[in-house]
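Read through the structures below before going on.
Note that subunit A is present in both complexes that follow, paired respectively with subunit B and with subunit C.
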Partner chain A sequence: MEIKKTAIAGTLESSDIQLTISKADNGISIDLQSDVKKVFGDQIESVIKDTLAKLDVKDAKVKAVDKGALDCVIKARTIAAIQRAAETTDTPEWEVL
Partner chain B sequence: MKSKVNRELPDDLMKQLNYQPFETTEIGNPEIQRVAPKVHVSTGDDKIVDSIKKVVDETLEDGMTISFHHHFRNGDYVFNKVMRVIIDAGIKNLTLAPSSLTGVMNDMVIEAIKAGTITNITSSGMRGSLGDFVSHGGLKNPVIFRSHGNRARSIEHGDIKIDVAFLGVPSADRLGNANGMKGDAVFGSLGYALMDAQYADKVVLLTDNIVDYPNTPASIKQTQVDYVVKVDKVGDPDKIGSGATRFTKDPKELKIASMVNDVITHSPYFKDGFSFQTGSGGAALAVTRYLRQAMIDNQIKASFALGGITKPTTDLLNEGLVKKVMDVQDFDKGAADSMHTNGDQQEIDASWYADPDNKGAMVDQLDVVILSALEIDTKFNVNVMTGSDGVIRGAIGGHQDAATGKLTIISAPLVRGRIATVVPDVTTVVTPGDSVDVLVTEFGIAINPKRTDLLDALSNIPGLPVYKIEDLQKMAEKRVGTPKPLEYTDRTVALIEYRDGTVIDSIKQVKD
Partner chain C sequence: MQLLNLKDHEVFREWKEFLESLGISNFQENELAQIDSTLGMYNDAGSLVATGSVAGNVLKYVGVCNKFSVHGSHFNTIISSLMNLLAQNDIFHVFVFTKLKYSQSFQHIGFNELAHTDLGAILETGDTDVKDYVHRIPQQPNQADLQVASIVMNANPFTLGHRYLVEQAAAANDLVYVFVVSDDVSLFSTTERLALVQAGTADLSNVIVVNGGQYMVSYVTFPAYFLPTPDEAITYQTTLDARIFKNAIAPGLNITQRYLGSEPFSRTTGIYNQVLQKELAPAITVHVVDRKQASGQVITATQVREAIAQNEIATVQDFLPVTTYQFIQKHLTTLQARIQKGMTIHGN
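On to the complex of A and B.
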């Protein structure tokens, strides 16, 4: 899936994560801010990467501001941000969700 | 070398500082010798001084130990005023031994460390930028963390020998009779500062309110005081304590509070004449409300409430549900004002409150105590000192001391955000599991297996599911996942004493 514009999903409330996805040329880059980065940083990045891969996003710049979100929340916010950035919110790919 | 809670301790420091590892929560009946302060004899007519500088010049030398109290909390003006003068005077190698350090002092402490003015610290705790600074190796010598009861014990033993105590008070007369109840910046009980006033070689009072001689009630007495310094303001009344205490509406906190109440009322201790200590957190305040109703319904009155006092507790005193409030510090204005007006609210010093080496401390008489936790592990050991990133951000307070109560309840949510509260091993052991009896979370309770009597009393109560603590730990881990272990350097930045003066755990410098 191709990223067409910069899009955002999620809030800065406790237990949420805010993701901003924008266009990029070579691969995936993730800039993660989190109070639990030391202990859960790898896990958070791997959930974001897996979700991007499932939706076949190959090039994207991701900024993630985490407020202690659980994996299911991270996944949901990532999917929402990708669909908005790829302008596919009206035609979601249900089968990969 | 290991402490009894299986924590590896730094051999070199233990030897150098002549420490023994923690063995047991039992204090026994040893004979101990207390120390006495030096007295500079005077009729007391020349104690009033206008400048802090003059007092510092006359009393302080390199290498001395200085102390402060933290009763003004984040409204404190005294600490920064005095430390400014001491740093500017170029004094070096001081040991800072306050009852605790509050956020408003952080920047000044860091400046004093960088200037070489402060080279050793002992405190109940530290938070914010100072905790971060120390956890990243900013202070060469390890900080010694002591509970409020242990600080009193250490002062009485001479382990902490205070050369000069700088004590801010909202009212004093020209000879130094002082209390925390009258003036603009009132905080109520002077409990922690009374130790310094009794044992420091030089006692310096700082006040913005010099009243007619003699000032009563005199919590600090003229027989103890060397100087009375007039300053423009000792503190900001709005920041000393929270104003009107608001009850929590957080459903999670309310659920925990109602289960804590169930544990208390179904325990064998809930009978006429029982005693209790609650903290100041949202859930603890809500417990007081549930407990009030249970006491009315069952026609039970408490003999005393202990510790850090809040308005909900003094309300129980006024209602006659609690007969006495034994008050070492006041967390809000309501409690502070009540001390002034209610004769049944007794000011107690830190030794009377919680010192283990005593002819009986109040905590030894305590039935029920509700305490909080940053983490609790499957051995019931509690951490109230370091965060999930390994950085110092807490205080022992009276945790270790009050935990010796007959029914010690830890109230804590199962997880906070993505951080589990119930863990396989706490980051730092502050209070040993041996003195903890029941954990209450929003999902259910766990009972220390040593307390078979409580297992019998608290099983099969509707709405009070009982789990093994290992099961609660697994529930937490299932929700948040498995955290990556924290990384530390080999350098020790702090030692945690148990209340008897042994070392229970150490804190290492974090790796970034």
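On to the complex of A and C.
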């Protein structure tokens, strides 16, 4: 799936994560900010990367501000942001869930 | 969370009293006029506990009462709501000016500080940042070995005075960046100003003309350049502008020199020049070049704009490169129509 424009999903509230996904031309880059980055940073990034891979996104710039989100929340917010950024919200790919 | 209609006197009074109780006191007409939307959060008792506004891509009037909330939760809620509101309008690159003590709170939710002074800080967040901006500017392969100079100008329009400043810099340095002010609030549009600077310097092979973006003399960093402002605020804004240039722009481009035109007329630009000299040293050497004269007069773009308004452009032909003069001749009626519609020709 191709990222066509910048999109945002999620909030900065406790237990949530705010994801901003925008266009890129050389692979995936993730700028993660989290109070628990030392312990869970790799895990959070891998959930985002896996979700991007499942939706076949090869190039994207991701900014993630984590407020202690669980994996399922990270996944949901990533899917929402990708679908908004790829302008496919009218035809969501449910099977990746 | 709801949108507040500040035009409603009762809503405005409550909003203003709430912010005043938190130490925010600037409710000047020209500040308020810039607000696009305002959000408010109420508690169960129906009183305001948090608010924030957006003006373009700048967050303003953010105030949060933490008396009855888990520390920071109202703040995070109001900021994410503002960002989602901006996202609906396709605005993803967001700035905020804040008191120094709140800089940390913004950094905690993904903002990066661009610069600060004792009075306040400016931060940004979103899908692009100052690193991307610098990265997009063309560089020479051996840039690290070059002596690189810079000039920031509005060029409204590009005159022989601007040209003289560029020539001085081009003769004394290997490479010169001319940053053209990006905000579209002048008589000549940004596209026109950029094109005229490009056309007027095309023969100088070591000059690169770039859009100054939101980081140099922009409505975001330096609103006083465009709006009447007290001296103290000008000093504060220009200090931030100078520090952003010194810390975030210059290092990535190996800029070590900055050229300024001496400023006998504009008070704002006069203060700006003083602050630049104080702030940029020693990393960046500031050169103040005396204004060029033509037929015994100092060249200013203000006179050119006046001549356009008076329909006497022949009187300023000596002030202008051929490219700018021809452009004005060709578009005289368009420019005059803009002035008639209320575009100011004084100020910057």
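Methods note: the second predicted complex is superposed on the first by the 97 of 97 C-alpha atoms of A that agree within 3 Å, B and C clash if a C-alpha of one lies under 4 Å from a C-alpha of the other, contacts with A are read in each partner's own complex, and residues count from 1 in each chain.
Simple rule for what comes next: contacts are C-beta pairs under 8 Å (C-beta built on N, C-alpha and C of every residue); 3 or more make two chains touch, one makes a residue touch a chain.
Small disclaimer: the values here were computed from a predicted structure and weren't measured.
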| item | value |
| --- | --- |
| Room on subunit A for both subunit B and subunit C (clash or fit) | fit |
| First, second, both or neither for A:L12, with subunit B first and subunit C second | second |
| First (subunit B), second (subunit C), both or neither touched by A:E2 | neither |
| Subunit B versus subunit C as contact partner of A:D56, first or second or both or neither | neither |
| Contacts of A:K38 with subunit B and subunit C, given as first, second, both or neither | first |
| First (subunit B), second (subunit C), both or neither touched by A:K67 | both |
| Minimum Cα separation, subunit C to subunit B, after superposition on A (Å) | 8 |
| Intersection of the subunit A residues that touch subunit B with those that touch subunit C | 14, 67 |
| Complex contacts: residues of subunit A adjacent to subunit B | 14-15, 35-36, 38-43, 67-71 |
| Sites on subunit B touched by subunit A in the complex | 388-390, 416-419, 479-481, 483-486 |
| List of subunit C residues in touch with subunit A within their complex | 70, 73, 76-77, 79-81, 83-84, 87, 90, 92, 109-110, 125-128 |
| Contact footprint of subunit C on subunit A as seen in their complex | 5-8, 10-14, 18, 20, 22, 33, 61, 63, 65, 67 |
